[in-house]
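Labels A, B, C and D are assigned to the chains in the order they are written; within every chain, residues are numbered from 1.
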Amino acid sequence: MRVSFIGLGAIGYPMAGHLPKRHQTVVWNRTASRAQQHAKEHGSQMAKTLEETADAEIIFTCLPTSAEVAEIVDKLKPKLRRGALWVDCTSGDPTASREIASQLQTLGVAFLDAPVSGGVPGAINGQLTVMVGGDENALEQVRPALECFAAKIVRVGDVGAGHTVKAISNTLMAVNVWASSEGLVTLAQQGVDLSLALDAINASSGRSNATERLLPSPLLKREFPPRFKLALLAKDVKIATSLTRASGISSPVFALISELLNASKATLGTEADYLEIVKAIERWSGINDA
Amino acid sequence: MRVSFIGLGAIGYPMAGHLPKRHQTVVWNRTASRAQQHAKEHGSQMAKTLEETADAEIIFTCLPTSAEVAEIVDKLKPKLRRGALWVDCTSGDPTASREIASQLQTLGVAFLDAPVSGGVPGAINGQLTVMVGGDENALEQVRPALECFAAKIVRVGDVGAGHTVKAISNTLMAVNVWASSEGLVTLAQQGVDLSLALDAINASSGRSNATERLLPSPLLKREFPPRFKLALLAKDVKIATSLTRASGISSPVFALISELLNASKATLGTEADYLEIVKAIERWSGINDA
Amino acid sequence: MRVSFIGLGAIGYPMAGHLPKRHQTVVWNRTASRAQQHAKEHGSQMAKTLEETADAEIIFTCLPTSAEVAEIVDKLKPKLRRGALWVDCTSGDPTASREIASQLQTLGVAFLDAPVSGGVPGAINGQLTVMVGGDENALEQVRPALECFAAKIVRVGDVGAGHTVKAISNTLMAVNVWASSEGLVTLAQQGVDLSLALDAINASSGRSNATERLLPSPLLKREFPPRFKLALLAKDVKIATSLTRASGISSPVFALISELLNASKATLGTEADYLEIVKAIERWSGINDA
Amino acid sequence: MRVSFIGLGAIGYPMAGHLPKRHQTVVWNRTASRAQQHAKEHGSQMAKTLEETADAEIIFTCLPTSAEVAEIVDKLKPKLRRGALWVDCTSGDPTASREIASQLQTLGVAFLDAPVSGGVPGAINGQLTVMVGGDENALEQVRPALECFAAKIVRVGDVGAGHTVKAISNTLMAVNVWASSEGLVTLAQQGVDLSLALDAINASSGRSNATERLLPSPLLKREFPPRFKLALLAKDVKIATSLTRASGISSPVFALISELLNASKATLGTEADYLEIVKAIERWSGINDA
């Protein structure tokens, strides 16, 4: 198939790297040098202009927020093929996605929201999980492309459902990371060895992806390489709290985590990684960075 | 070895059931009929009086709170063997445990706090995790007894450390269950199929023991058999928040979950199971029980 | 002047009662019998149809939410006089108000948001405070009408500013009432006489309108006559939290109070008065109603 | 009467300044120079040693926390007159006070907890409010001394009740200041003039001592002279949350404000004034100090 991939960020770049093996792949990125490098490294074809990406059976977007997706859709709309499929892998906003989908539908273009989980390693290894919202037939058509980078594809409902589940899942991750950090900083302050504590917790009912995979290395080594920006996680959580507000669901924990992420973002700076929230907890506890 | 086991509750009963195969085991329970049944079912020996349990190399306690442990210690103190070992499997309070340990030490009795995780199934299968606080040599002496019901034994520090790690671990479980319930109730309200959502989340970064093991069955089947009382979980979380307060660690999530557990306990009643908190969330959202 | 007053609720009815003394006043209410009674009691003129209210120099609305205002504006738009002034005394939503104002502007009708504070007693005595958003000249034109029921009129900015300040003020009231109730229930539990405690607090730095005026009578007499629906207060707080979210202001206290009002609304029922939140606090503390 | 006054801090110094007009007054302070200055300025007599203060009918303490009071009581115990009265004006801990009172009782010395409200201006003008816990007769004996600096004296219960009410009152102040700051920063961000907004709020139901007296000057002038340390307010709130925890009262707002004060204390530094919390809110909102 002829596919386009728009947005070669930390996740998008390796995701798109799996496509050229099986599909004719055109890539585009705001900073063109990254697309150039992708063509070289992965055998994709760099689009000279954004408009070139419109001529494809499948168009992937993988962008920071739904606002950038809407902007790109607007620009490409006049040139899209009737019958094309738009697959948005952004961790986007379901309300915005439903609006985009209805615009594309009038052009005969199906929209699927298809956010991914698994981080940079999952993208590199082609082991991502994809949560899909949208038409079943459309999903069947794009499945061969999705399978290039996904180990698991779950259709969770109609358009918007993918973004909805992803926003909730990332909020759970945020809660798990924050609560685990509160707990582990307390254990450290109580003189408990963290690697023993993690060993025990991870064989106990309090375990989560946060205690099993995400936190051990940064906490034990005190290294926080950039993985996923706290600012992007805060955006995902804001999408989730918009959903809880709109649904009228009692959600004090979601409401609090949203406030905490925003305050820690302002405390740690816009470039901070999400696992650095342990530093915000330490600072607010009067513990100075080593 | 000659061991005593005091407290044949939901967890203690099956735990103690593994001991008679390898050790001479005397059991005691406030409601004597349960001890009688244990003797029949597992070949233990029922103590006719609490005092009979004092004559042992190892004394296990597995009680609701440290207050009951302190009471029993008080009663048995005059009769304990010098050189005996007291292993407290209660999900107890580290401050109380340190006080008990120092009293026992004057009698030449070592105290280990050794709370367990794994629930009733783990206790039945002898697959519990034990978090141990206390002297290393003492642990080596009791290890053959612990191994009867434990798949994993982690010494996390000195006396109190076991109870500390257990309180934190249970608080993380409480947070994970609560946040996941907020998220899943929201997804249901948004019309997302919960079994698909759980399938996606459990292959994503938001997964935890709560989404993987604890919540699927009760949420999907709407069945809440008694597993672990919400009131006991609230007690564990109160121990954890006492630790965060004493350590001066910023812990807004722990503080909130403590309030939420107390309010949901009052809403659902003292006999409620901890997984019924989803019902409190639904009620506070104006969703009536089916 | 010829004025219309739409919405004869608990506050609107007595507010509109001051107008006929100085202005020719047409009133309308969804339940017509209330308008009929108003005509009899206060000498206003009952509109036979909603459309009759359109023929006025000033049109007042005093409705539950901005949604009802928008609906009425829609119906009256074709019949409004050019140069008329629309004064919305609803505790409304600033975003909705700006949208309504811009629609009316194209018809040559100025819109002022003019929510009031002071409750039913303030409305009866003509001692309300009015927070006005909108054009200064427009305000000067309606001032003679506002002065019929207001002791204080403050122009706080352009269209929407009145509703913004009112939403924040009501949220502060909600926080003060909630926190004071937590404190007073605790004092009662500690055996402190509440009337002595209030006497001391009201001469101390912790005093607020909640401790000085709102809470003493309901708490000391355990009487909760209907004053202002908890459900409407929850709506006002939701407007305020939409503002804090949109402004990116760190507001954990506002976020929490919004959750608490929603949960207490579900606990106490849709007809509950806002001062009954003390009963929610008591219930969540395991204290049963007397 | 012969009175001693121990602790010449920001509040204690001017309080003690009113006593020498009517009573023979001995003063003591950890930093002796302050006592020397007091003697010069107010005609009190400086104690050369702490022990000298023991020989009095009434001993006042006005110290940072109950820990310092307990320390001084310990030192003076051997020298106290039988029948003396100890009046503790510290914002103390009721549990500690009950313990101190019972120790003093065995020496025939009555203890009253008598914390004050009104700040430095109230202390200078002799217009403080005193919340008294303890025996009625003892209060009658010390009333002539209290009246030197108090405009209002309320006996709120037995020993500890004064400290209890004071802790709750200060927590309400903290909540009112915090919530009002969240609201006012939001209004500023929305472009509303703060002095107009305060004018409207203070004529509305959202008003409190925070909006009427405490916040206008620091917020409008951006001046934060030292009034009362945030660290001391955080200590008072911790006393209050210990009470809510011990009483089992649902208190999510108190729990949150305690966390927020601690985090803002760590953010702003140990010397920060409590009204500077608006700066913490601004910082956590990404608004930089002017």
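Here is the rule we use: a contact is a pair of C-beta atoms (placed from the backbone, for glycine too) under 8 Å apart; a residue touches a chain by one contact, two chains touch by 3 or more.
Treat the numbers as computed from the prediction; the structure is a model and nothing was measured.
Taken together, chain C and chain D share the touching chains A, B. When the CA atoms of chain A are superposed on chain B, the rotation angle comes to 180 degrees (nearest 5). Between A-D and A-C, more C-beta contact pairs are found at A-C. When you average the Cα atoms of each chain and compare centres, the chain farthest from chain D turns out to be A.
Comparing the contact residues of chain B and chain C by number shows a mostly shared set, over half of all numbers used being common to the two copies.
One simple way to say how far apart two chains are is to compare their mean CA positions; for chain A and chain B this gives 36 Å. Remark: chain A and chain D have CA centroids separated by 50 Å (rounded to whole angstrom). Separating the centre of chain A from that of chain C, both taken as means of CA atoms, is a distance of 42 Å.
The multi-chain contact residues of chain A, meaning those touching 2 or more other chains, are 248, 250-252, 256, 260, 262-263, 266, 284-286. The residues of chain D lying in touch with chain B in their complex are 238, 241, 245, 248, 250-252, 255-256, 258-260, 262-263, 266.
Residues of chain B that touch chain C in their complex: 252, 262-263, 265-267, 283-286. By the touch criterion given at the top, residues 117-119, 129, 131, 151-152, 154-157, 161, 164-166, 168-173, 175-176, 178-180, 182-187, 189-193, 196-197, 199-201, 203-211, 214, 240, 243-244, 247-254, 256-257, 260, 281, 284-286 of chain D touch chain C in their complex.
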